[in-house]
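The two complexes that follow have subunit A in common; it is paired with subunit B in the first and with subunit C in the second.
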Partner chain A sequence: MAFEESEVRYVAALARLSLTDEEIHRFSTQLKQILSYVDKLNQLKTDDISPTSHGIPMQNVFRKDEVIPSLDVEKALSNAPAREGPFFLVPRVIEDA
Partner chain B sequence: MSAFETVIGLEVHLQLATRTKIFCGCPTLFGSSPNSQTCPVCLGLPGVLPVLNRRTLESGLKVALALNCRIQPALKFHRKNYFYPDLPKGFQISQYDLPLSFEGVLEVPAAAEAPAFAVRIHRAHLEEDAGKLVHKEGSRASLVDYNRAGIPLLEIVTEPDMRTPEEAYRCLQTLKHTLQYLDVSDCDMEKGSLRCDANISLRPAGAKELGVKTEIKNLNSFKHVRNALAYEIRRQQEALSSGGKVIQETRLWDDVKGVTLLMRSKEFAHDYRYFPEPDLVPFVLQSEEIQAVRRTLPELPPARTRRFMEQYGLSSYDAGRLTSEKQLADYFESAVQAGGVPKATANWIQGDLLAACRERNVEILDLKVPAAHLAQLVLLVEHQTVSSRMAKDLLKAMMKTGEAPEPLVKRLGMSQVTDSGTLQAAAQTVVQGNPKAVSDYRAGKRQAIKFLVGQLMARTKGQANPELAHRILESVLKEGA
Partner chain C sequence: MPDESLTSHPAHALTNLLRRGKCSPLQATTAYLDRIQALNPKLQALISVDEERAKNRASALLRADAERLPLYGVPVIVKANICTEGFEANCGSNILSGFHPPYHATVVERLERAGAVVLGMANMDEFAFGSSCETSCKGPTRNPWDLDRIPGGSSGGSAAAIAADLGAAALGSDTGGSIRQPAAMCSVVGLKPTYGRVSRYGLIAFASSLDQIGPLTKDVEDSALFMEVIAGLDSHDSTSADVKVPTYRAALRRPIGGMTVGVPKEYFIGGLDPEVERAMKQALAALKGLGVQFKDVSLPHTEYAVPTYYIAATAEASSNLARFDGVRYGRRVPSGNLQEMFENTRGEGFGAEAKRRIILGTYVLSRGYYDAYYAKALKVRTLIRQDFEKVFETCRAIVTPTAPTPAFRLGEKLDDPLSMYLSDIFTISVNLAGVPALSLPCGFTQAGLPIGMQLIAPAFGEETLFHLGSAYEQATDWHLRKPAAVAS
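Up next, the complex of A and B:
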């Protein structure tokens, strides 16, 4: 299975990863190897097997609509790299027209 | 300019009213102090597990059934991946290939001068809301409040079945009215419980293929939707008729300027790399469970309209108007149960009461006229205790004081004179005091009696029953001839 350098660049951009040309080349080669290994699964006959999204035979796990106390604001913010009052502070994102 | 056909589709996000968020136990109270309703799950801290709130599924199911959707027998959640600071996990838990429901239909009833039509529902699925970003004027930073992150939403997507901004407006109104019947959301646009985006494209009239669409966001009311769509039709028409192209993009409605503007956001690849949410198991809905939820559905507008026509003898327009809004229909039925004659009750609601609502910009329940009071008013007119003209004044007094009509009639000395003895005596006096009109009448000028009825009404301070006054005058005039 092909995994071109252009695709590595694209996926890296989506994941907000900044990679050097050397890394892109290396990852492209490695990802090709990994994908062709996984590709072996396609040789299996799976016509009679229904699709699964989970390895465990479990379904319908619910909770009741009952309140569990939230974190204290100070605790919620304690891992934040930056804050202002009770808010998380992030670099400005422009969304206005 | 009519060489183009407009094609409109809508996307509505409905906040489901629950005590807790969709995947964690944080409360969902509106207006709480920032970041006071968060926990490791909705903050996306490592190692936590989301667990589905059963009530969100039930509420979503209710809406799906009310919109005549097919229900997915086994549904799954997916991760929709993108980076934005209002999304703490870096993905939103949503649904992808196996949504809660699909292929529904919403019947939009006839309006005063427009026929009914149907809008197909493409799908309705469950997902979690994102946090709220507060942009600080002149600052290089934004503030984030994650109280809203993880609030349960139902996203309802219509097929592109609308052809005018007015149809989109009516579709949204009908949708909102239907949702209000279900009691699953407060549907408050100001609080963001109901949000709407619109997709619009033009194509040459008669063409099968859809044109390039734009998506309009920042629509804070149904009126904005209508205005933004009307503007966007003009903009796209101008582009296409001058040989230009419409570019697929997201535009924001600026209500102050009355225009849509291209949304400039940080480069935002529309490649969400959906994949199954490994932390949530599939949900299998047995048909008995679906039937159980179906049984909890209230009588919805189309069925209630039919019943109002049969049971109360209302016209289809009256029945449709009254049942479009649950509180209006409930109010009508309470008044009828309290003894109000159905037709007259419907007329009062659609006439004076709704006019007062529009004038004061309030709901019918805010008018200080409980349904039982309206029923009494209807009966006072029916029993001719007050004339219909006096009843209008009486209603005004009722809205002012909140009192029941009967004591008010006594206090204001309003009751109609229906005692024929009293009227007989007054009629004699009128006839004696107006010889000119009497002789005109007797000379064949039948119109002259109107003047005499007026005199009689004046003598009784407007409290005579006009029909009775007319009859008694006629007989007095006949006797004296």
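Up next, the complex of A and C:
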């Protein structure tokens, strides 16, 4: 299986991850090797097998729709790299008209 | 009493001494803090310690009712991916450097309520991605049995700390072997509980369908004791199971004669280190001497576990790591616009293994590849789970080596991700199947490196692991040996 540098760039963009040219080159080589290893799974016929997404059978859990105490705003903001009042502050998203 | 005698005890023995007034919680905590100060610079097992907080907690225990606190005065260490208010829980990653969780994980809450004293946070592979504890932004942890070797990973700091008596017990997390493999390589007892057995509220997520928190301890009794405290339903974690928590210690020191245990042939072939194989043969002979009946069994899809895991786990990781974007916590790299801020924060904040897994995980979930990789892996996961179900129809437990080799040298596999991934070959299936497994010391190589044995039980069968593990431990003394490299 190929994992060309162009694919690493494409996937990195999807993942919002900036990579250096050196990283792109190295990951392309290493991921090629890893993908050819995981291709081993194609030896197995799985048409009639249902998928397992959790090891133990689980179902959705509901709770009563009640107001209970939660983290207060100051605590929730205590690790914020930038804040303004009770909000997390980020660079402007919408330009002025 | 001299302080070293305090730090060598397992938690259950220490808390009994404290209850009988042989020493105070503050003396026990201070003895451990002194040892951390002396030895941690060599080992780098802990990445943050708060002496003042620990001493205050220990002093406050003097006013508590010792009889009602199962971990009265027990000094503990918590892996740096488990939120502990007052400490830096940075997950071994630059992107979370300076992150001080604003709340306790449920497990930490339960430990403190039971009388435990948190000393500090343990080093780990970045975001628990690794098998050697070398990918931490704080630098590698060293194995107390040989300082040139890795302690295993990702809970390598937790395992090294307990092996070197820097804490009475530690918490780790296990997604593909991250508690058991370092436990084996450092000669401590490590438990990966059943999926859902222990609340994960406050555990910084890696792969949510696989992660479990569990104890790393000096003996099997402590493992049972800690599980009585941390296991059970939690309204903050919808994946925690509504299954009664037994009194696990009732399973200790009972005869095991007549118990049928499966020996899977796929775990005893090529690639197994000859010294590990020899130790396992001796361990099986010891169990046989106690009356265990062995049965040759097969887990035929074993060879597919590693590829299945590295698809499922990286897919989930790439999704879980999306939350680290410089907006709400951790580092932010200031940039002109939001998109660049995300990309630069993540590009500078994550280390190489985290980036590699984000790329692989995003790829297997992306359009055009989802069915070929991710959907396929989930189907193979069913086959792996069914392998275990079939064996457990006729066996109470399964026994295997925990890792194919003893601890390797620092740097040996760091640039060869595939070879690093293969060091988890015997532990990964257990996470995919959701079942519990215990690693316990079962010998040493001629060079003095620890070897671990893994016991596996059906879902919610932790009692069987303690029953079997305690019988083996009573008959052997591997767990009592201490590493010479950190002898004071």
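In this section, the second predicted complex is superposed on the first by the 94 of 97 C-alpha atoms of A that agree within 3 Å, B and C clash if a C-alpha of one lies under 4 Å from a C-alpha of the other, contacts with A are read in each partner's own complex, and residues count from 1 in each chain.
The rule is simple: a residue touches a chain if its C-beta (ideal position, glycine included) is under 8 Å from a C-beta of that chain, and two chains touch if they have at least 3 such contacts.
Since the model is a prediction, treat every value here as computed from it, not as a measurement.
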Key: More subunit A residues in contact - subunit B or subunit C   = C
Ask   = Can A:Val61 be said to touch subunit B (first), subunit C (second), both, or neither?
value = both
Request  = Pick one for A:Val73: touches subunit B only (first), subunit C only (second), both, or neither.
outcome  = first
Message = A:Pro86 in the overlay: touching subunit B, subunit C, both, or neither? Say first, second, both or neither.
response = first
Query = Does the superposition put A:Leu19 against subunit B (first), subunit C (second), both, or neither?
reply = second
Remark   = Overlap of subunit B and subunit C contacts on subunit A, residues 14, 16, 53-54, 56, 58, 60-61, 63, 71, 76, 79, 82, 88, 90-93
Query = What residues of subunit A sit close enough to touch subunit C in their complex?
reply = 3, 7-8, 11-12, 14-19, 23, 27, 30-31, 33-34, 37-42, 44, 46, 49-56, 58, 60-61, 63, 71, 75-76, 78-82, 88, 90-93
Note = Residue positions on subunit B within touch of subunit A in the complex are 18-20, 24-27, 33-40, 43, 45, 51-57, 74, 76, 81, 83-85, 133-136, 139-146, 251-252, 254, 261-266, 269, 271, 273, 276, 278, 280-284
Inquiry  = Taking the touch rule as given, give the residues of subunit A at its contact with subunit B in the complex, in rising order.
reply    = 13-14, 16, 53-54, 56, 58-71, 73, 76-77, 79, 82, 84-97
Key: Interface residues, subunit C side, partner subunit A - complex   = 98-100, 102-103, 194-196, 209-210, 235, 238-239, 241, 301, 303-304, 306-308, 310-311, 318, 322, 325-332, 335-339, 341-344, 346-348, 350, 352, 355-356, 358-360, 362-363, 366, 373, 375-383, 385, 417-418, 421, 431-435, 459
